[in-house]
Each structure stands twice: as structure tokens, then as C-alpha cells.
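Once you've had a glance at the structure underneath, I'll fire off some questions.
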């Protein structure tokens, strides 16, 4: 999309714009990215002070920021000023969202793959050797599924998802749905952030039934090699699950939760997101994870405590009940 | 259904019946409703004392009640006496349940709507302009879907659901399933309450994947304008979600929970039902909501506490752990 | 599978084997079972000391056990020695797993059953009288569904499931998916335990939408007569739900949880598995069940307390908040 078109779209939504040297009306804007990942031609934004360093080193051509941050931005960019950069970013995600149907390339299906009845495979998608796609599965456009996978009935895989080899996904799970992200207007309306990132599922992953794995807003949601996910689990946008991690039923991970390898999350545990759970840590059932967890930790409860402390709180409760 | 047929069906289930003046055998009984909504021709029931005022003002033609309440009922009705009015009501919901397939009117689909492969659209249903129905979607009878909606793959929408415009429903969600309601016999069996109400979803609502929204027992379950619902959420029968409310993943709302506008419910929170959460309130993740919440509250925990108190309980826990 | 083939498969995975008298290379190994259920021709294993008595009385022909247990095993068996019997068992489940597609017998469908469009019914399956199978349902091989059932749209029923009569299963639920079970190698990889058991659902059961009921590893997962299950519930492998039990939305039961009759589990409650909840017990919403519950108990909280004690803890919390 031409710079001119982007600025026309923004005209009534922003407080000002300063176009650096050398950007003509026809300059091609390619999309939106986080400050770190954005390359020349991309838009990025400064919402929270903790990203100031990233913004100062970004390669993005356009930066959305507040008036007060104008002086610290890198030179020679297109600077869009708004009291609510996140909201402006949300508006922009819509115009850069890929249409649901755009590819005209017929899907490429290995002759050794087995595709059962009532399956839908979108254009531009690839199905690998010996992979079995069961009845009622719906696969979007530009999806890649590797070799020796089993996709059970009525699974839905959204556009651009990449599934490596020897992956099993059980019935009625949904991979690559839109993440849950909205910016908010002053009057309390929610403006959808279109999620233009992807989901990548590495080798030897097994995913249970009725699981939801959301696509990234930018970049990727990634389920690494050998991860096992039980039924009815929620994996939000931009999560990264470390190799061989075990996610028990009904766990819910908020956006940008990451784990090291061989982490175990007990049933119905949840995380608030934007935190890291160190490798080999074990988190008890029903726990609420609200901050980073060190590697090799055993934790439980909500708020999250070292397992031993959490068990002590039970003894304290029993004691208080007696003394009452 | 004729009064005579209804009374014959009830004959071996009830303790007595008194038919007021002017009701002939052929009097047409139209259905069952709550005391407030019931009009002439309808059946209603008195289960709990808190509905006595409603019963005294009801327009229902038939009232199911206990012997002890006989004297306080309005005059000139058909009064059915039972020790367990709720159970009698449950038996009756079955005979008034609409059959799953009854319409003979071909569905009406806008010429600008896009209907993908393997879609089922029941008789009497309507699909609006520019709406996209993706593969594997199953839409029951007499469903209305407005303009500019996207219904993602393998969603199931039960009969009589009404979806307004600019609504998105992500893959494998279920709208309008039967509510979870049973009456119980003396021997411990559960008699299904057929849910003959509907679900209404207003404009600009987005619903994630693997969500369940149940139909009302009578009346409606309603998701108001601009509400955003994350994945794997449970919305029970007769809930009403206020405008622009945000329901995070894995929340579970029991029957007849209502919220004001712009309420935020954190992930994995739950409500016991039959309560109201005031507008602009924010409820923390994993909270258990057991009573009404005032507008503009910030609450957390189970039992639910003001957020500040809930945070204090963590400090208290840490102190108790040290002193142990 | 011939004994010779089984031992060749195991050769590089085990520490030794001793073949009792009378077992020839061609001896037919039929499968894997728990010590109690295993008959002649079957393999079983000793993982935990609490199963020693069962092992000493097993009819299994082959026993996988640790070196230290060699002396206490029954005589004249094929004894396989490993430091990790559970891992060896996991490897073996794969070679005894039934293929997903193997039957050549056309499904048998009652002439009074109604099968809607886009339904898949696997070979060897049977559909009873007056049963309604709605659009998009996928039924595997050798599934039995009795009379007067309703299977709502997009439900998936895996191979070998048995559903009795007057059962309703709401949209997008999954019955018979693989249980979540893995053995772990020394390097932290997870070896899938193929679940070769089944799910049995007795008469008059109703199951909500988006529910997952997993098949047993050996033997069966069983939902007994008259049980009612709400939406988004997780029932793991080998659970047994007693007659007329009520399972509210978003409950999660870990493997081998069993209940007596007329148990009520409140919404979002969870169990750790391998425990029994006595008949007529009621467990509060959001409870965490970590050990056996006596019949007729009323319990709540996590850790689980008698309901009265749990309510007292709220009073204690309020008191502590005041004194702070």
C-alpha cells in the first residue's frame, strides 16, 4: 500500500504526521511489525516505555508514537503522532490484513497422503507424505502440513499455519484462530487488532481435542518439538512452548507466555501472559502464574508460591480452623 | 395443544387440578413461560417464594404451584397442584418443545453472501448481505444472520438463533445449544428441561473458537453490541452480557448471569448465576463470583473480594508463612 | 503377534528376558492389559509396588518388571526386565494399536434412523432405531449407537465407542479421543501410550457441547445411566461416572477418577485422578479434589475442605483483613 493511501486512511484518526526526508507519496508500506522485527517499509509503534530502546534501534520506516516521545525517536522516519498509538496500530492492522481467500495456486498433496471425505483444503496449501486428513477437516490457504501427521475429524486450521512432521491434532481443535486483542476508543468501543502472524507447530507434537491455539498478532505462536497438549487447552497469540513441555487439560495461557523445555503445567492452571516459565519447571494444577518462574522450580497456588510454601498454607489453614 | 391433552399428560404426575371458569377442554395452551413473560394461554409455575409477587401479577392461564400457595394465586386460572412444580414444568417443556425439523420454507440467502462448501443451512433461515459462511458450518432452522458477518468453519448454530450484523464467530463454536437444566425426581433421576428460548447476538460481537453459548429456557440469552468473547468460554442459558463487555478465555458464566456495559471478566473466572455484575466492573482472572457486583468495582479472588483486599490476603499469607 | 516378533521389537529397549517353560517362538501375544484384566496371551507390567498383589495373581503370559521384583513374580511366565517398565509398556502399545481404518463391514443403520447430510459413518458401526445423526457428524469404525439418540452437528465419535439408548450429545463434542498418557525417556522425550480401550455411554446420558471424553488406556471409560454433563467438560481416560451424576460446565476430571451415583460436581472443579468420590457427594464450584471423598459429603475449596470449614475460612480471611 502506498504511503499516500496509508496517510489518507489515518488522516482523521491522528494528531499529526512528520514525513522524514526521502519518503515520496508512492513509498510502499508493507505491513506492521513489532519494533524489533520491523524492517524498512514497515510500520511500528511505541506504546510502553519499556520498548523505547527497541524503538531507538528499529528499522521501521513509520513509527506511531505520542507527542512526548517525538524527540527520542530515530531520525528520518515517518512519524505519526497520536495520544493512543495502540489504537492507531489497531486501525492499521485491518487495512493490512490478508484476505481470507486470495491464493489461486491449487493445493499440493503428496500422493501418499490420505484425504478422507468432506475435507476442505485451501489454495496454496501443502500436505506431506503419509499424512492422514480425516473427515470434516477444514484447512485454510497457504497451510503447510508435513509428513506422517494425523489430523482428526473436524479440526480447523486457519490460513498460513505451518505444521511440521509426525504431528497429531485431535478432533475439533482449532489452530491459528485470531488472537484476542483489541484497542479501546475513548468511548469504550473495542477496535479489533487483526492478527497477521502465524502458528508454527514443530515435529512430534500431539494436541488433544477441543484445543484452541491462536495465531500471533505479528510474528509467530510456536509449539516446539515434542510438546504434548491435552484437551480443552487455550494457547493465546504469540505464546512459545519449549521442547517436550506438557500442558494438561484446561490450562489457559495468555498472550506471549513462553516456556523453556520440559515444563509441566498442571490441569486448569493459567498464566497472565508476557512472562517466561523456566525450563524443567513444574506448575501445580489450578495455579495462577503472574510473573516469571525460574528454571527447575516447583510452584503451585494463586498467587503462585514455591510448592513447599503452598503446602504449608494448607497446614496454616487447618490450624486457623481449629483455633477459631 | 388442547387443555384436555395437557391435563391427560399430567394426570398421573400431579396431586390435583382446579380449572377456573370459562376454560373449556379445547382451550389452546400455547407454551410455558416465566411468570412475568407469560401471556394468556401460557403455563407458568411458582417454585420459589421470591416469585410470589410475579405470580400474583401473571397473565398466565395455567399455574403450577404447591398446595400451600393455592390461596394466594390469582383468580380464574387453571391451577395444577404438585409438591414439585419445577418437576411438572420440566415434564411439560418436553411436550411443548419445537421439533428440530419442522420448517418447509427454503432458506433465504442474499446474493452477495458467500457460502463455502459442505455448509448446511436449515429451512426458514436467512443469511444477510456480504456475510461469509465458511466450510462445514451447520445452521439450524429459522436462524437469522445479518450483514457482513463471518462464520468460521465447523461452527454450529442451533435453531431460532438471531445474529445481527458485523458479527464474527470463530471455528468450532456452538451457539444456541440446550441449557443445562434438569428437575429431579424423588428417586434421583434428572428430567430434562427442554430449552425453548433463543440466543440473540447483537452487532459487532466477536466470539472466539470452541465457545459454547446456550439458548434460554424461556425468553433469551443475549450478547449485546460490541461484546468480545475469547476462546473456550461458557455462556449458560439466559445470560445477558452488556454492551462492549470483554470475556477472557475459559470464563464460565452460570445461568441467568447478567452484566452491565463494559464489564471485563478475567480468564478462568466463573459465576454462580442469577446475579448481576455492574457496568464497568473488572473481575480478576480465576475469580469466583457468587453475588451481585456493584458498578465500577474492581474485584478478585474466590470468594470475591475488592481487589485491594485480595492483594492484602497475599501479604497476609506471606506473613503467616514466615511466622510458622 | 508372535512372541518372536515382540521380543525382536523389544531387543534394544530392555535389560533382559526370561522365557518360562512351554512358550514357543510362535506363541501368540494378543495385547496389553492391566494386571487384573490380563488373560493368558496378554502382556502386563509392574510399575508401582501397590500392584504387587495384582501381579502375583495375574493371568498374563508376559510380565514387564524391574530386576528387583523378579523373585516375587508368578512362575512360568515370559519375564521382561527393564529399569522402566512403564516406558516398555508405552513402546508396546504402539505395535498393538488397532489401525484407524481396518473394518470392511458396511455400517448397519436402522431404517428408522435419520442420517442428515455430510455425515461419515465408519465400517462396522451400527446405528439404532429412531436415532438422529445430524450434519457433519463423524463416526469412526465399530461404533455402536443405540435407539432414540440424538447426535448433534459436528460431533466426532472415535472408533469402538459404545453409546446406549436415549443419549444426546451436543454439537462439537468429542467422544473417545486418545487419553493423555506418555512415558518418559531418560532424555526427557515423551513416548505416547496408545489408548486401546474404549468409551461406553449408558442410557439416558446427555452431554453438552465442546465436551471431551477420552477413551481408556486399557478397559473402558464409562458414563453410567442418567449422567448429565454440561459444556466444555474434560473426562479423561478410564474415568467412571456413577448413575445420575451431574457434571457442571468446565469441570476437568483426570484419569481414573470415579464417582458413586448422584454425585454433583460444581463448575470448573477438577480432580487429580485415581480417586473415588462417594455417592451423593456434592463438590463446590472451582474445587480441587486431591483425594477420595466419602459418600454424602459436601465439600469445597482447594485444598478440598468440608463445606462448613471452607465457609469458615472466608470468615477467617475477613477477620485477618480487618486486623491487618
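Points to keep in mind about this one:
As written, the chain order gives the labels A, B and C, with residue 1 at the start of each chain.
By our rule, contacts are C-beta pairs under 8 Å (C-beta built on N, C-alpha and C of every residue); 3 or more make two chains touch, one makes a residue touch a chain.
If you're wondering where the values come from, they're calculated on a predicted model, not measured in any experiment.
Its C-alpha atoms superposed on chain C, chain B is turned by 120 degrees; the angle is given in steps of 5. Interface residue usage between chain A and chain B, two copies of one sequence, is largely distinct: under half of the residue numbers at the contact are used by both copies.
Separation between the centroids of chain A and chain B, computed from CA atoms only, is 32 Å. Of all residues in chain C, those touching 2 or more other chains are 118, 136, 154, 172, 210, 232, 250, 268, listed in ascending order.
Listed in rising order, the residues of chain A touching chain B in the complex are 100, 118, 120, 136, 138, 154, 156, 158, 172-174, 177-178, 180, 182, 188-190, 192, 210-212, 214, 232, 234, 236, 250, 252, 254, 268, 270, 272, 288, 302-303, 305, 309, 312-313, 315-316. Listed in rising order, the residues of chain A touching chain C in the complex are 116-118, 132, 134-136, 150, 152-154, 168, 170-172, 206, 208-210, 226, 228, 230-232, 244, 246, 248-250, 261-262, 267-268, 285-286, 314, 317, 320-321, 324.
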